[in-house]
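Some notes on the structure that comes next.
The first chain written gets the first letter, and so on, giving A, B and C; residue counts start at 1 in each chain.
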Amino acid sequence: MNKLKQAASSIGLTGTIVIVFALALIVVPLVVDLGNYILTILISLLVFVTLSESWNLMGGYAGQVNLGLAAYFGTGALCYMLVYRAGAPLPVAMVAGGLGATVVACIIGPPTLRLRGAYFGIGTMAVAEVLRLISTTTFTQTIYSPASYWITFTLTKSYYIALAVAIGTIVVAYLVVHSRLGLVLQAIRDDEDAANASGINPARYKMIVFIISSFLAGVAGGVLSYHRGNINVPGQFTMDWTIGAIVAATIGGWGTLTGPVLGSMIFVLLREILGRTVPTGYLIVTGVVFVLVITFLPDGLTSSGAMIRSALGWGGRSSEATLPE
Amino acid sequence: MLDLKEIDVYHGDLQALSKVSLTIKDKEIVAIVGSNGAGKSTLLRTICGLHRPATGSLSFDGVSLIEQPVHEIVNLGICMVPEERRVFREMSVLENLEMGSVIRRARQARDSTLDWVYEVFPILKTRQGQKAGTLSGGEQQMLLIARALMSQPKLLLIDELSLGLAPLLVQNLFKTMRQLYESTELAIVLVEQNVRAALELADRGYVIEGGRIVAGGDAKELLGREDIKDAYFGVAPEPWATRTKKAD
Amino acid sequence: MAQLPQILAYGIILGVFYGLVTIGLSLLFGVMKYLNIAHGSFMMLGAYASYWLFMLWDIDPILSIPLVMALMFLVGCLLYKLLFSRLSKVSEDVRINSSMIMAFGLILILDNSAIALWTTNIKILNTSYTSTMLEFMGIRIPLTGLIVIGLTSLAILALHLFLGRTYLGKSIRATSQDWEAASLLGTNIDRIYLVSCGISLALAGLAGACFALTYPISPDIGLRWVLFAMVVLVLAGMGKIKEVFLAGLIMAMLEQLSSVVIGAEYRGIVSLAVFILILIFKPQGLFEK
């Protein structure tokens, strides 16, 4: 018992909660039949976790606001589906999705990342919208998964794929943050000029994390496509996914690892509760909550998660890198 | 007139000013000198309201400056000429000068102040339609001083007047400052890396290093002190050392 | 290529439109370094305001423009006081990012409120003159196009006089060049920001009113057009205010001409390609020396 306590204190309260939670997510569905409804919500939650964590790597840690996350999500979904239909095994198709998204990142990344943040925001938004427009004219019909899929699909399998990807994303994020790359990124975020002056090439590091981030978002696209079984291509490029990711990361606390998880939960919860009444109502409420949260952060990039945590009475130091005041 | 007591200023975690105390009287020229990074600019910027002191008191004619917004402090009569020759480059000389008389009492007296400023710096009248960005370094510096004068200040703060300017120009400017001082009710504070020239011009001086006031008193006395001479005059190959931050 | 003059004519109208939509955005960015990506959504509000003033109270959409602009000015001031002013103390990079994020939240609220209130169905504002086509030397030009050009020219003139001749206008220009130096001379930066925000949104309102005259309106126009505006902004050079109209014209011409080659649906690619090319070769915009 002592050893357990020791381990728990070294990870911190939030870390422990996260691990317990993750374990629960893995074990519980094996034991209890949660039913289709709850499993579907959980899958949706896990996709948002993946998306918001990947967005957070760029936005919260590197200080680059990606407004066109949908581009990578959609491209991932598309590439996954095409490769899967071509006969590749599922894991390969998933990776292909991620790689497809990375290709898009390699197009928009280099010109925008060597400039100030505004250009990246505009550029990513432009790419997402253009891809959406192209996809509306090119892919007018739904694309269906290959025959092998329909035989082997179960909701549980879909759930565990989503869970694996989500956990994998958090692990990757953790590794990035706690590596030299992570430190460099935070230096860039806090003062790009100073970082530049001390010999770091910001564009290169931003590009590296952009590739990682877009890859993860692309895989998330594959996960969702697997879950749905068929994709209406233009629908994967809409802003909804970007919105969810950004809102989740921001409300939950960007610049932390658990923040996006928390935010995703809040977002999905709001969606389920409010979505019943007025379809777009939950988006309005989300928007209001979102703006309120942003407004009370005078420095913009301070961890809102810390605020929420202190509001909930969770003090506790977490082991993850949080933003300095 | 201006009173600082035990001012501490921090940039984030770094302490930029430590227990700084000084006074400026109604009509005098005071030089604040020290090497690069000593805290001179921070001191001026704190007086103007761009930085808030963590502790200490700062008052002007009895009014505390600490919670005042920057434009209010200008209204009270303090005007700073910032370093790096920041004219409004895309605006004409005349427009730059007009921007100097934003506060009410300056706006009312604008025309007469403008005439006076043109007398002090005739070159500005010649160039009044030109874009400020096209002026030479020395002319821009004159424009900055003139612009600050348009606000009818009681206390003029000048940050690094000599930086990046040819020695002859600086001499002329300093001469003009002296004339200005003698013909008006102005108090002038000069912040300078060029210690000798500043102390030669001023009545009194303060030496600041590492965020602390290390010496203060009559300017001529300071000039004669051995430790000051060693610190600032001994090593430089010429009095007008090329410690410029930005070439013109 | 008998169509060429026709295409050019449409290009001019579109270009003027691009400029009009962008001018408010560039003003706000130039003065305050806020990238208000919700600018399009405010334009959408203006368009709907124009529409409903006409449908409910029979006010001609051209005549209602001063009212719409005044309303949007107030909204802009409110927006500044409640939200944007909180960002004024932070550094420029953080401010750009934070304003994008904040505006993002506004998009959520505005666009979805519009959907909730007015549904996603397209609405078309029809007056006696909105469908009129004029014929001139073989080119067909919609009357509304000329009206928009006329209104925009008025707006440009008014803006030019305001920024160039009035004290407030000059203070705005000075603040956009160097806010610190301006404040050290006694300019009340907070007030300048407040007015700039109001003017920015008023211009969005004007763009919306013109939009309602020319195109069908729906809640999603905001997002679509703010994208065009942002590309035009980059083209003109971020922070430049008057050059946006020329940049808008150039962009519109490029789009029009290329639509002949690759087809109208791929218009978006042109904007993106232009955007990427500019960023690679001349990120400061076309007009920087």
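Assume a contact is a pair of C-beta atoms (placed from the backbone, for glycine too) under 8 Å apart; a residue touches a chain by one contact, two chains touch by 3 or more.
Given the structure is predicted, the values throughout are model-derived calculations rather than measurements.
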{"item": "Centrality ranking, top chain (CA atoms only)", "value": "C"}
{"item": "Best-connected chain pair, where connection means C-beta pairs in contact", "value": "A-C"}
{"item": "Farthest chain (mean CA position) relative to chain B", "value": "A"}
{"item": "Separation of chain A from chain C, taking each centre as the mean of its C-alpha atoms, in whole Å", "value": "32"}
{"item": "Whole-Å separation of chain centres (CA-atom averages), chain A against chain B", "value": "52"}
{"item": "Where chain B and chain C are represented by their mean Cα positions, the distance between them in whole Å", "value": "42"}
{"item": "Of chain A, residues touching chain C in the complex", "value": "59, 63, 65, 67, 107-108, 110-112, 115-119, 121-123, 125-127, 129-130, 133-134, 136-137, 192, 239, 243, 246-247, 250, 278, 280-281, 283-284, 286-288, 290-291, 294-295, 298-301"}
{"item": "Of chain B, residues touching chain C in the complex", "value": "48, 50, 69-71, 74-75, 79-80, 82, 86-91, 95, 98-100, 102-103, 106, 147-148, 150-151"}
{"item": "In the complex with chain A, residue positions of chain C that touch it", "value": "29, 35, 37, 82-83, 86-87, 89-90, 93-98, 100-102, 104-109, 112-113, 115-116, 223-224, 227, 230-231, 233-234, 238, 265-269, 271-272, 275-276, 279-280, 283"}
{"item": "Complex contact set, residues of chain C against chain B", "value": "167, 170-171, 173-174, 177-178, 180-190"}
